[in-house]
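Order of writing sets the chain letters: A, B, C, D, E and F. Residues in each chain are counted from 1.
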Amino acid sequence: MPTLTVTRRLHFNAAHRVHNATLSDAENRELFGKCNNPNWHGHNYLLEVSVTGPIDPKTGYVLDLAKLRDLVERELVSHLDHKNLNLDVPFMSGTNPTTENLVVACWKVLEPHIEPARLRRLRLWETDNNYVDYEGE
Amino acid sequence: MPTLTVTRRLHFNAAHRVHNATLSDAENRELFGKCNNPNWHGHNYLLEVSVTGPIDPKTGYVLDLAKLRDLVERELVSHLDHKNLNLDVPFMSGTNPTTENLVVACWKVLEPHIEPARLRRLRLWETDNNYVDYEGE
Amino acid sequence: MPTLTVTRRLHFNAAHRVHNATLSDAENRELFGKCNNPNWHGHNYLLEVSVTGPIDPKTGYVLDLAKLRDLVERELVSHLDHKNLNLDVPFMSGTNPTTENLVVACWKVLEPHIEPARLRRLRLWETDNNYVDYEGE
Amino acid sequence: MPTLTVTRRLHFNAAHRVHNATLSDAENRELFGKCNNPNWHGHNYLLEVSVTGPIDPKTGYVLDLAKLRDLVERELVSHLDHKNLNLDVPFMSGTNPTTENLVVACWKVLEPHIEPARLRRLRLWETDNNYVDYEGE
Amino acid sequence: MPTLTVTRRLHFNAAHRVHNATLSDAENRELFGKCNNPNWHGHNYLLEVSVTGPIDPKTGYVLDLAKLRDLVERELVSHLDHKNLNLDVPFMSGTNPTTENLVVACWKVLEPHIEPARLRRLRLWETDNNYVDYEGE
Amino acid sequence: MPTLTVTRRLHFNAAHRVHNATLSDAENRELFGKCNNPNWHGHNYLLEVSVTGPIDPKTGYVLDLAKLRDLVERELVSHLDHKNLNLDVPFMSGTNPTTENLVVACWKVLEPHIEPARLRRLRLWETDNNYVDYEGE
């Protein structure tokens, strides 16, 4: 059967502060500017989850996107939506919540649950003008 | 000269918590659910500023949108972008930062600066799926 | 309290055929062209529900948009999504399902449920390039 | 029959220069800055044509949007698309091609052709961040 | 000459029903839920056609996108737009019209017509929230 | 550290004319049609700049997107925005300004400035319906 990549997009809204706890406050301000605001700021994040595999001849799907959506909502969105990325999210604990670090953490959470197809790429939009792609190690 | 309405769109990213300080924590949780998260959440806000007036025959503009953009950035966006709407914004002090209360506060700040044209409408998008319109008293 | 208009956007996917049952097949083909395909075609519809009212001083909301969303999903979207507008939708029975007739039917279903605020406008997008606005009688 | 407003969106790409021929070059540079570049610049314009009227009980349409599209393409888009607004467009001759002046000129061309429904509003987007609305005299 | 990938986006609106004719009705309902509605539903599909090749030094194009658009409209869109994917489309006959199966069928139709450049990828959006990519065998 | 690709989107508005100076006017008209209008036309271009590299453990960034934005604005956007691509842009001098040739020229200008990460892809949208990708030699 042909191999394709299917993508589902999901949204979550969160607060964060870009901050490296191993640096001084002055260094953080210098490095991160307004993104280091100690009172937080936030974004409407958009996550694109792409999964690759052959078409299942029974369903005509690579995988059922409704099931993929439910999986991503349970494993990721429910932990991220209307949360503070620095304070509320167990799998981000101790991590500077840049888009890069967030998308790598999401990969680690999600990847073991995708089967028999495999996770191909996560794309995370922080605003309409910037996004990050991660394809695993 | 014909009268038209011109609109400029601007973006800001902010954290907030929907919270009524005159109610108990339990009442706030009951009323606002996940929007009441004490650790905040956030949004990419999109503000549309609409101004009505006749075309100036010298410029062919109702007003110079670059000047309108600079005005809105100085009076509103610089106070809102990468801020906490509950803690950091003087003109929101003591106000529950719902989209409705935020757009009314923005109107009060901006309206005196729009002349000779007049402010016609502010539209504030909190996400791609909801927005609020205010046209003044 | 200031009066504002708040809008929630919702999606549904449906099949339809533009067809006037009081006309002959030939007249229908002549009037409606490819939109009259007897085997149906379909759209991703986008509905914008706009409600006007004063801000409730307790909540800071005109109304709770999560409750509005639940109401519209129960009264409209659950009857329209993944349905055939000519065959499956009780409140469209006997009606030629143009975007115009559909938005008027949606108004009649939804309007009695909006209170104390009042329904101000329904905007229904059939494609990215056309939409219809209805504001009641 | 209920009265509604239907809207069709159309695109055209054009070059222009914001320039008032009754002023000196220095005054034009001062007033219009980079928009006065004597070598032109350009935009992907998006025009939204809104027409109001009752639903025709025979068709279920306010008017046939395919016919409205053909009308706007013949009367406006064919004269504007891949053109220079200062040099190539008869109905803009002698006019400073700001978005405001352009939308008023489009109204004058289009309005006599809309019947029995009537032209309600033209919205012209110059970029994703600014647009102009004109509703006639 | 440098090698690039150029992409043209095209739209079509169609009805379909996700259904595997080799399974029972009960199995189809179980597998596909509301997507199996026997009365059909539909979508506004968006197809992105990506073609790779060197820049032609005469034209400065990989290929003329107006010609690519005409080709895709003739070979694909004219057979899909305002059609029923289960009933009306010869190249989908006997195929369960999931987005995956549809994009593979489109590839088989289109690929022989692309030359001297070669078809690189088809991306098919079924809604704003999901799409499928196919890059051939 | 994991390797990711980060993307920043930037806008510019420009006039151009597709024209091969080594061909006759008649050949140019035949090859390029309305895109060859001697009085120019124009577009709102959207440029996506994608850069690949490991996460810097100090910042949590592949690179600071605000610095990337400033770099692209200085090296590219300031030379392209509100300009004529045939007449005003030194790095396009003597080049037929198709989207393909423009994106290759942008790569040559930008690539030496990206370090220690490396430029991975430039995507240039000419309209909402077509874009070109270049990934270097």
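Everything below uses one rule, namely that a contact is a pair of C-beta atoms (placed from the backbone, for glycine too) under 8 Å apart; a residue touches a chain by one contact, two chains touch by 3 or more.
In this text the structure is predicted, and so the values were computed from the model without any measurement.
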For this session: Touching both subunit A and subunit B: give me those chains, sorted by label.
Result: none
Problem set entry | Chain whose average C-alpha position is farthest from subunit E's own | B
Problem set entry | Reference interface A-F: repeating pair among C-E, C-D or A-B with over half of contacts shared | C-D
Problem set entry | Of B-C and C-E, whichever chain pair has more C-beta contact pairs | C-E
Problem set entry | Most remote chain, CA-based centroid, reference being subunit A | D
Seminar exercise, completed: The distance between the C-alpha centres of subunit D and subunit F, rounded to whole Å, is 29
Seminar exercise, completed: Distance between the CA centroids of subunit D and subunit E (whole Å) is 34
Exercise. Residues of subunit B that touch two or more other chains: which are they?
Worked result: 128
Seminar exercise, completed: Chains touch in the following pairs A-B, A-E, A-F, B-C, B-D, C-D, C-E, D-F, E-F
Exercise. Which of the residues in subunit F come into contact with subunit E in the complex?
Worked result: 18, 20, 23, 31-33, 95-101, 103-104, 128-134, 137
Problem set entry | Of subunit B, residues touching subunit A in the complex | 11, 13-16, 34-35, 37, 39-44, 81-84, 87-88, 127-128
For this session: Give every residue of subunit A touching subunit E within the complex, in rising order.
Result: 2, 4-10, 50, 55, 58-62, 65-66
